[in-house]
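I've put the structures underneath this note.
Both complexes shown next keep chain A, but they swap its partner, so chain B is in the first and chain C is in the second.
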Partner chain A sequence: MTLVDTLPAGQREVLLEVDNISLSFGGVKAISNISFDIRVGEIRAIIGPNGAGKTSMLNVINGFYHPQEGTITFEGVPRKRMRPHHAATHGIARTFQNIALFRGMSTLDNIMTGRGTLMKRNLLWQALWTGPAEAEEIEHREAVEKIIDFLEIQHIRKTPVGRLPYGLQKRVELGRALAAEPRLLLLDEPMAGMNREEKEDMSRFIIDVNTQFGTTIALIEHDMGVVMDLSDRVVVLDYGKKIGDGPPEEVRNNQDVIDAYLGVPHE
Partner chain B sequence: MFLTDPFFWEVVISGLLAGVMYSLVALGFVLIFKASGIFNFAQGVLALFAALTLVGFMDGQVPFAHVINEALGTNYHHWYETPGGGDGAPIWFVALSIAATTAVMILLAWLVVKVVLKPLVNQEGIILFMATIGLAFVLEGVGDLMWGANIKVLDIGLPSGPSDWIIDQTGMFVNKLEISAAVVAVILVVSLTLFSQYTKMGRALRAVADDHQAALSVGISLETIWWIVWSVAGIVALVAGIMWGASSGVQFSLSLIALKALPVLMLGGFTSIPGAIIGGLIIGVGEKLFEFYIGPMIGGATENWFAYVLALGFLLFRPQGLFGERIIERI
Partner chain C sequence: MAGDTARLAEDTFPKLLLRNAALFGDRPAMREKDLGIWQTWTWSQMLEEVRAFSLGLRALGLQAGGKVAIVGSNRPRLYWTFAAVQSLGAVPIPVYSDAVAEEMAFVLKHAEATMAVVEDQEQVDKLIGLAKRLPKLKHIIYDDDRGLKNYDHTTLHPFDDVQDSGRSLAKADAGVVAAWEKHIHEGKGSDTSVILYTSGTTGQSKGVMLTAERCVGAARDTVAFDRLTETDETLAYLPLAWVGDHYLNYAQGMVAGFCIACPEGPETVAVDLKEIGPTFYFAPPRVFEGLLTQVMIRMEDAGALKRRIFSYFMDVAKQHGEAILDGKPVPFSARLKYALGNMLVYGPLKNVLGFSRIRVAYTAGEAIGPDLFSFFRSLGINLKQLYGQTEAFLYVTAQPDGAVRADTVGLPMANVDIRIADNGEVLFKSPGMFAGYYKDKAKTKETLTKDGYVMTGDAGFFEADGQLKIIDRAKDVGKLKDGTLFAPKYIENKLKFFPDVKEAVAFGDQRDKVCVFLNIDLTSVGNWAERNNIAYASYQELANHPDVLATMEKHVRQVNADLAREPQMAGAQIARFLVLHKELDADDGELTRTQKVRRSFIAERYQPLIDALYSGAKEADITTEVTYEDGRKGKLSARVKISDVERYDVPAMKEAAE
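Right after this comes the complex of A and B.
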């Protein structure tokens, strides 16, 4: 345990800072003037009713969307307009609300793609498949096997993921994101559509990732029970605006948040 | 019994070898379709352009000579004489020319990605398809301007003529050129398959073929992948161009062979590399057998349409092709 780990989440070093972000599609404002931060080693939940702008927020962090206003600072470096594949090379990995796996490929190959950003050998070596490229391939394969063990999916190693049940697909997707050894892991509704048992498994994996690897996690989740149990701090969005930010127990008692979830009419 | 008739086997073998040519063109289609969902109408022209460029390098032609001479009143034709004179060019020179042509195809792929694909990213498939039709016309025009429209002889020193050994052994006439084409095609397909199965870049190619967004999220650059895929398709086109050019001369009708790849794809499925190969072989053998055994009864010249009718049959009964992915939508 380092000093950082023992500090409460709110006092740790800032990993990612979202400052006054606004995003609109044509005339529709998806996000307006949102600021919050994600600190090293915490589990940060982003919650809110449907259409609140949670996934848009994740897409902004991930570089899929480009906000019209505001800045994002990751590891102290304010970033310019970023192309989506650069987020991954900079240490941000993610999963998707509707699973986005490579359906025709095996579990193993899917997770191997996650290590792509860590593999450096050039195309020529790869084409010859000898020397450094071969050694590299073997080294990364070992790392992937560790992830497979960790997620308890040894039995489906060679199965094309398109054939797997939903819960396992979600797990493989988590594995692919973990394979990149990300410094920030974005999970978009990791437990959507799961039964209670699957949710418990997934929660356990998320906590283990956080404590064993020290990975910082930002997650979107609808199940309030899960959010309250897992997260260190919660940010609440509604209609593209931030209406709450703080530790779970504080957010739970926030009147705006209660209104948003119970559906008080907006003026 | 016709199975013991050497003539039957001669027809089958010549069909298989013709099928290899179809497969090569179809392979280029499949590669691009898998990685980008684009049906590349320009694949046939790519083969033509590659063959023209190779001939240009081998003859030492000055590109755009006609245009330059018209504009400047000069009289350039050739940079250099082909070494070896009339006895055929030496191997090192052929290898050098092929390497130079490969470089041109890779450069062309880069241009296509930057100029055509990148501005159209996220557009409908039909729009990209139209863009490749445009590309086909542009390439044909540029090829014409660069190297001239006359029919050219491509001789890279591949063995040709009937193989004496096979005649001695079996009494069948089999062209050596077609055997070399088959060997080259097999090598190409095996190495492509190994590359896509066992390397990081191969995995990235398959990943992009499956899901663009997910591929981006693991740090795969779509542009780089498209560049690689179009380069590989360009190299496959070069091989196809060499083989077709060596057997029937490099001429602009070469770009029409692309149309023969369509029934091959309908048979094999647009997304399957083995499908492209098997589809090509089936069409090749099918049309030759039909031509020789049934053709005479219905007036001949069946090779022009047999492939399309076969493809139509497939569309009726198995629209995803023999090896294509069956799409089951969840509703």
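Right after this comes the complex of A and C.
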């Protein structure tokens, strides 16, 4: 156990900081002046009612949307805007609300695509698949097999992903994100549409990823029970604004948060 | 042979391990699929692994006589633990990994286990949760470190660390290894080799103590019986704590020196089976049933040509397959057709199932349907039946090659003595017989007769050809008023072999004739109804359909014809039957949670129907309370038709048998 692990989440080193981010689509303000940080090794939840701007926030972090205002500082480097490719090569990986896997490809191949940014040989080498390219693939295959073992999906290693039940597809998607060996893992509703047992499994995997690999995790989730159990700190958004930020028990007692969830009329 | 007498010197498993490492040092002893690739340990590598772990355990304080619980699925390291613990003269106690905390606590406490070697976090969590109730449990050693990084490691140890400490001890002083081996050679055959706890389905679980020489002795007999050698291979997928796994894999593996392959996980067994292609295989009947259903469903989806080829050659196999397997005379043309079928159908099918290399396969545990049994045998798979118990260290009887039948469990194993008690109960004395229940002299005494035979609790009898037939639990066997033997389960099983009969309940004890309740199988009969354009709204309606009743009557008549052929059973033919208006359900207390019928409860609940069966009425009205899945209760009333069935003449053999 390193010293960092023993510190409470709020006092650890900052991995990513978003500062005064505003994002609008035409006249619609999706996010206005939001600032928060994600610290090394924590599980950070982003919650809020529908349309609060949670997914937009994730898209800003991994560079899919470009905010009109504000800066994003990742590992000490401030940027006006991220780019998806940049985010991927610098250690940010994500999963999607609607599963975005290659349905015709096997579990193994899908997870292998997650290694794409780590492969050094160019396309030609890989097509020829000799010498160094072969050695490289063996190395990556081993890494993928470790993930398969970790997520306990050995039995579907060679099954086309389209044939799998929803819960397992979600797990494969997590596997693909892990394959990139991210330092920051963004999970967009990892448990949406799952039954209780699948949720328990997924929670266990998220905790294990966090403790075993030390991966920092930011997740969006609607199941409050899960959020309160899993996360170290929670940020709450509503109508594009930040209305709460802190440890789960603090957020739970925040009147603004309660209002947002129970639906108090907005002025 | 000189070699044989030398081998007999090994009367414990650690001694056999040393022998195997010397005799078959470079041959594979264990395989495990790790990261998608099969890894292999030879016998000498396995000896080294076992030794390292054993020395590490000793460093942790394990002494002769100590008890070590083993919890997890079939992992090489857990198998090594058995040998490592036995090498120190301590006793391994495998525990079912899916046991609930309560059961696990009972076993560990009763066994006074001081250490536990477990597979992963799940088991560690369970044991930590029980820590307060298990003050004697000092150390927990785990195999898979996933999720355990942040646990308190004062009494928790990774398997590797224990082995490392053992290895450094061996490295520091060469004498340590020699002393360890010397200690093994000093081990006595009368030492307790293992304590296997019964699963506890019939009450509190009991610890069956087995001594080393008896375990090894029993395994020697069966290894010789099936001619198992170091070139054989098995896939270990049965629960580690079950006598079947400990015997078939661990004990026979040590004696024969064959290779045990561990699957990647419980869900990958089918794939691993195909990749390994074991030569020795065991599965309970329901596994074979599942395989057959899978094959049939996939054939339904195949193209017309493939279906025709399949059905043509399956007919050929049905006609000649078993005769060819048993080496009986078969016309040349049939052999030719079978060979062609083997090329086109049987071979590829066996390959898909992972049965290509099987030399000996066994099934046991419950009655197997004759069609199911013949299907696999006709493909050329040498599937046989055995009968056994934890108290016997598995084998009591088994079928020799060439004398295999679906309705018997075989001849007494070598050196096994079987006697049938007056009430029909099977009693035995065998080489692998248990030494007693651990810390339970009273129960031990209850299970043994005065002259030392074990009472199995099963009723059975010997057929004319010497094969044992098990008919029911001894306590369930009754007599009709005229004194005829009545074995309800035997009759029920015969009925249940028809795919459209889901459940059957037979009555007859202390009555003048046998009557049965039937439940149709809604899936199977519903399918039939669909194909024949018969509309139905409910189970009740379908069950009362005249065509369905006619089919059921045909089945019952068939069962009667079968029973008539068996001198012991012929008197208990079915006189009348009815098809129940509702499915028997565990929620209503009619079945146990393991889907066994609760005969006396059903008799009480459906008293009016029983009265009608025995009064000779043609119909009866019944109202029963039912519990819906959401817990609500309702009433269900119906008028049930009762049918009489023709009984067959009892053959003249009956007198001869009596």
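By our rule, the second predicted complex is superposed on the first by the 264 of 267 C-alpha atoms of A that agree within 3 Å, B and C clash if a C-alpha of one lies under 4 Å from a C-alpha of the other, contacts with A are read in each partner's own complex, and residues count from 1 in each chain.
FYI, a residue touches a chain if its C-beta (ideal position, glycine included) is under 8 Å from a C-beta of that chain, and two chains touch if they have at least 3 such contacts.
Small disclaimer: the values here were computed from a predicted structure and weren't measured.
Asks: Once chain A from each complex is brought into register, does chain C clash with chain B or fit beside it?
Replies: Once chain A is superposed (C-alpha atoms), there is room for both chain B and chain C without a clash.
Asks: Is A:Arg157 contacted by the first partner chain B, the second partner chain C, both or neither?
Replies: second
Asks: Answer with first, second, both or neither: which of chain B and chain C does A:Glu145 touch in the superposed model?
Replies: Second partner only.
Asks: On the A-aligned overlay, A:His66 touches which partner chain: chain B = first, chain C = second, or both, or neither?
Replies: neither
Asks: Which of the two, chain B or chain C, is in touch with more residues of chain A?
Replies: B
Asks: Is A:Gln212 in contact with chain B, with chain C, with both, or with neither (first, second, both, neither)?
Replies: second
Asks: Angle at chain A between chain B and chain C: what is it in degrees to the nearest 10, using CA centres?
Replies: 90
Asks: A:Leu101 in the overlay: touching chain B, chain C, both, or neither? Say first, second, both or neither.
Replies: A:Leu101: touches chain B, not chain C.
Asks: May I ask you to decide whether A:Arg204 touches chain B, chain C, both, or neither, giving the answer as first, second, both or neither?
Replies: second
Asks: Tell me, in angstrom, the smallest C-alpha to C-alpha distance between chain B and chain C in the overlaid model?
Replies: 17
Asks: Do any residues of chain A touch both chain B and chain C, and if so, which are they?
Replies: Comparing the two interfaces on chain A, one with chain B and one with chain C, no residues are shared.
Asks: Taking the touch rule as given, give the residues of chain B at its contact with chain A in the complex, in rising order.
Replies: 194-195, 198-204, 206-207, 209-211, 213-222, 228, 325
Asks: Enumerate the contact residues on chain A facing chain B in the complex.
Replies: Listed in rising order, the residues of chain A that touch chain B are 62, 64, 83-89, 93-94, 96, 100-105, 109, 112-114, 116-117, 119, 121, 123, 126-127, 129, 133, 137, 176-177, 180.
Asks: Looking at the complex, which residues from chain C come into contact with chain A?
Replies: Residue list for chain C touching chain A: 33-36, 146-147, 149-150, 264-265, 267-268, 271.
Asks: Quick one: in the complex, what on chain A touches chain C?
Replies: 1, 5, 142, 145-146, 148-150, 152, 154-155, 157, 204, 207-208, 211-212
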